[in-house]
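Worksheet for the structure shown next.
We call the chains A, B and C, going by the order they appear; numbering starts again at 1 in every chain.
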Amino acid sequence: MSEDDSSAPYEPEAFGPWLGRQLRRKGMTQSELAIALDVTRAAVSAWITGRAIPRNDKIQVIEAVLGLATGSSATRDEAPDSRGLINWYHRPAHPDGGRELGNAAAFAFDSNLTVLAREATQNSLDERHDANRPVRVRFILHEVTGERLRRLQEALRWDDLVPHFKAAADTGQKVGKVLANGLREFHERGSLLLLRIDDYNASGLTGPEYDNGRFAAVVRRQLDSHKKGLAGGSYGLGKATLWATSQFGMVIMNSTLSKPHEGRCERRLIGRLDLPWREVGGAQYAGPAWLGEGDLSREGAARSWWAGERTVEELYLTRGSSDPGTSFLIVGAYDPSGEATNLEEMHQALVRGLATGFWASMVTGRDSIPMLEASVEALRDGQVVVTEERVDPHRYEPARARAVRAFLNEETVSEISTAEDVLALRLPLTVPPLKDVERAEPVTHPAVLLITPTEDDDEKPNRLICMRSTRMAVLERAVNDVPLGAIRFQAVLLAGKATGSSGMDADLAEAFLRAAEPPEHNDWKQTEDLTSSYARGAVARLKEFRRAMLDQVREAVRPVEHVKEDETPPVLRELLRLDPPPSPRSPGYPTVKSATGSITQDGAWDVRVEIKLPERDDPWFLRPLLRFAARSGARPEVRWAQLSAVSHCEVTDEGNLRCAAGARSAVFSGISDVTSHPVTARMAGVEVDLVRVKESVQ
Amino acid sequence: MSDILARIGHLPDDAAVKFLTSAVLEQREPLPMAAVDRASQPGPWEAEPVRQLLDEAMKRFEPESRTAADAWLAPLLHATLRLTRREAADSRIWNHLALRLAPDYVFWRHPGRPPTPAVNRARFSGPFYSQTFSRLWWAAELFRNGPDYGPVVVACGNQDVLNTVLRLEVILHRPTAQAILRLLSTGAVRTGREVNALAQAVNTAGSTLAYEALAPDAVQDADSYRDWIEDLGNVLVPYDSLPDGPTDGRVPEHAVEALVPLFERLFAEAPVRGRPEQQETIE
Amino acid sequence: MKRLLPYQTVVGDLSLEVREARLDDIALPYEMISTAQRVVALHRIERDEWRSARLSVRVRAPEQELQQGPWTGMECLATLSERRTNTRTATRLRWEGPGEWSGEVELQRDHHLERAELLGQLIATVGDVPGRVIATTEASWTVDLQSRTPTRREEIRTRWVDFGDEDHPQLHPFKNDPWTVEAVGQEPVLYLNSGFEGLKALLASGRAIDRPARDALAAQIATDVWTVLFNAATYQEDGDTPEWPGGWRESVLRRMLPDLFPTHSPDDALAEVVSRHRTGDGADLQTRILHAAGKQARRPRNLGNFMRTLRRTGQEEE
């Protein structure tokens, strides 16, 4: 890693954390420093915890003891990374010989780019920082080659990892195969695909290095659901999709914190690599590795570090603004499902995933801001391949997005009369009391049911989608048994906080429904949580609610007066159809396959006609008819001034065509007789028909 | 007619067809009026004024000049039998008129031509442009210029207009219909052959030209038309001058003027114009 | 059949959609508009005396093609027409943006009877000729004044009537027949005799055991219907040059002629039928009609299944 710009504007940092970090780097204990300075250990402890600051002369001695330049404690300049402080730390294998052949969490998902977009973005939404502004999510695909690639590899300390990759690829396990493929493609293509996922106006990876907090939840833990937030799952299982989308299991993170840690907010960096168990140079490694600053107090485990601007630039992790949030760089990104194979396809898959998963969070009312803004772009070596597309919910989910917008704008109606109308109904949800709370009375929460007609090209009409909290889609299902003559529709159910209500009933409904969700958050049903937390009858209330929503939708789309007008017995209906039959693809008679033509200088039509002939041993005799098109009634026929055979036919003495026996096509050309035109040629269209004639064989 | 019919009503097509046997059409047998009455449903329209009108037509015109009766009768029939288009589209009313109220007029106006002694069945019950009364009523409805029946007289004075032009979809656009009649009344087209050539030119050019866009029509006022229908009880329809038609809006003159030169040119440039092979309709 | 035009027209699709319908300013429920079937149903029992209907329509055209084509002074018309009432009105639509027009089409009830057709057209100046039609909607909409549900009825109308009933004197002669067909006027009707014992029960039966007999009966009825309709449709023809009769008659001919004369184009087949009628060469024609009618009625399969079932039950009894 190269030297950081010393001019980088560091935020003021407390002396204490700085001193603590210097000691860790030196591997020096507080007691050792106390002895070297001839002070008590309690004094050193007070400095480090920020309870006291040493005098200036003491500081100079400290700098000398630590081997730092004079004044470095005042600027609190970091020791340059190039001193070899930033490295990959590979966790040693368990002493008991246990092997983990890959990140178990990554296998919990049948991952693809849609899942990635959904999980990553849901995390960002749950971590919204300022509730008055949207969370902004940017997905950037970037393929790098050549020198750019080399510089990135240096920044990633790639060469140090190669023996680990090779060893892990040889294990023959699923992860090993992905890795081996990744390495092979990397060498063949000479390019590396990066997928960077940024969020802005989110919390960022706050919290201590090892103890509970967002940072540890993402970086240290697997299968950890740190959040107690609305969705219940942020940074839990979902984060594994980040690693699952890297062929090398590698993700580098740069976070701007919403709450300072060690007195700093910007550019908290750390990398994490998820490899299977492996043996390299005689040593055995358990699996994960971290890129960071070696922590001698933890046997060299890697800590996050505060990087300079140059470092983040080399790692393609420069953030667009100082707004808090995190950038995840997935190195060697790919679509685990194998569906999207190039930048354009991956771009599309991500946009689709965002639109399908978060259209509701992106809808804006007239007087409201969206919860989420999302965009996707694709670059190759710094050049734009697919320009940044801001995901427009109205483009991808027109009917549903219209429903939510009408709800936000209070523009819903009580009867649907136009293609754009949104019908809103109240649907009561009875929330039963909790078991351990002295509250015998259930509470009724009015959920909102929205129904709107959908476009003809909607491939999945007549569906109901149910949402709560930040308009997070929980379950989607088809509404079957829709009455005959009903409109095609989309329906949206908003419950809990998603109704926009801040009342107690909304909070209770929110908690009740969350308890009814399985870990995947894709259903409302009987769960252990539900039966253990809620009083008897909770499951019945839930079932009632589910039945009522479907019944209400069906009732709402039922035609007002359904009168049986048709007396045709069903069995006769098919047999008595009077609609025009489809024209046969291979008719048993000659047809005009193509006709082209133009008007000559004399005002005559000059046409060239290709005839398609059915198979027959005998020649076909045909009279080509040229007719002027008319608005209505019979089309006037005009005479030919000249008729000539072009191929597989000849013009007979009678002026008809004799098509060669056995031929499957024939071509002729003709010029109309101007004196027979009912109107000047340029004012009307013409049509060519073929009439069969009986003709004596010459 | 012997028995008095008070109201014009409805006679269904299938019933009409059954009564129109060859013997009836050849006037060897009379229509079975009692059976016709049984098959008919009563309607609201007064029969007497229409009956008087037809009697007057047969009085005014000699059998040899019966085609000339059309121009006189068409406006008067329209002004006497006041129907909405919706009502007039129902063939049952015309069946009833022809089979029940005035079969004598049908025989008088459209006698069989030797060697066929029979009246064409369609003159009793058939498409609007063939049936004895509906062709006149619709000619009046489609060729009038608002309350002015003048153009109707021009149209019905030429059998080719009734037999050819009336069937064309293009004339459902009122400015197109008026422009065609304008060429007829100015003498730009005269003979039946020329009328057909003009109609053919306008109809074929209509496959590429939207006359509706070139000469936008005004919306017809359905409410004024209703008022005119209801006003029937207050007026005596004159026999010797043109009656007043419904004031549901005249055809915009500029629309007609936009089409007249176009039609003149289409007609002038039509190569087939006046060539002898164009069959002239003989009545 | 391909039409050659002396100027450039739009290749892409022009589409029209009815977004809303109002009867005398009161909006109709949206379910009376079917965009899938392109039908608007206007009949409502509780509002029978309406005077006019307003349809909000939107027309869309391929935006890019319009920009690149040689067309100027473009305008868009919505045309509402009903052949039976000789009514055809054109409404100019507002330009809403590239490739999109919209407006309100008014339908006067007094000017319409059954079903009006609604289509969109693009008009432009091409070269030095103004008013050229450069695009027409592929499929038109139907505004049905007599229907309560927006469905495109595609089959022959069927009515259950007791042939002995007072109200239907014209059916008295057939009161012992199970069915009869009326093939005159604007619409043919198949009358099924509800007074004929067992007919309704069998035709409406959903029981598996009845199915072979029910289907065979249906095929028999349908064969009769098509035979009668075909003959009625061709008898309309008089005059030298055969002309397509339009309406249901033309539909019947277009469906059946390909089976009557498979090696003839529809035009040639029609000419052949007319010529045979004229020359009195009708025996072979009747045979062909029977074949074509049986095909419409799917007789081979329906009757074949029935006989197979009979044989099977026969064997079981032995």
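Heads up, the rule we're going with is that a residue touches a chain if its C-beta (ideal position, glycine included) is under 8 Å from a C-beta of that chain, and two chains touch if they have at least 3 such contacts.
These numbers were taken from a predicted model, which means no experiment stands behind them.
Seen from the C-alpha centroid of chain B, the farthest chain centroid is that of A. Of the two interfaces, A-C and B-C, the higher number of touching C-beta pairs belongs to A-C. With centres set at the average Cα position, the gap from chain A to chain B is 68 Å. Inter-chain spacing, taken between the CA centroids of chain A and chain C, is 46 Å.
Here the spacing of chain B and chain C, counted between their Cα centres, is 28 Å. Chain A has residues 629, 683-685 in contact with two or more other chains. Of all residues in chain C, those touching 2 or more other chains are 5-7, 129, listed in ascending order. Chain contacts: chain B has residues 169, 208-209 touching two or more partner chains. Residues 5-7, 51-52, 75, 77, 79, 81-82, 84-90, 92, 106, 108-113, 121, 123, 129-133, 169-170, 182, 184-186 of chain C are the ones that touch chain B when the two sit in their complex.
Residues of chain C touching chain A in their complex: 1-7, 17, 19-22, 27-33, 35-36, 44-45, 56, 129, 147-160, 190, 192, 203-204, 214-215, 218-219, 221-222, 225, 241, 243, 248, 251-252, 254-255, 258, 262-265, 267-268, 271, 296-298. Those residues of chain B that touch chain A in the shared complex are 167-170, 197, 200-201, 203-209, 266, 269-272, 275. Listing the residues of chain B that touch chain C in their complex gives 12-15, 17-18, 38-39, 84-86, 88-91, 128, 138, 141-142, 169, 172-173, 208-214, 216-217, 219-220, 222-223, 225-226. Residues 415-421, 453, 455-456, 484-488, 557, 559-563, 565-569, 571-581, 584, 587-592, 594-599, 605, 607, 614, 629, 634, 681-692 of chain A touch chain C in their complex.
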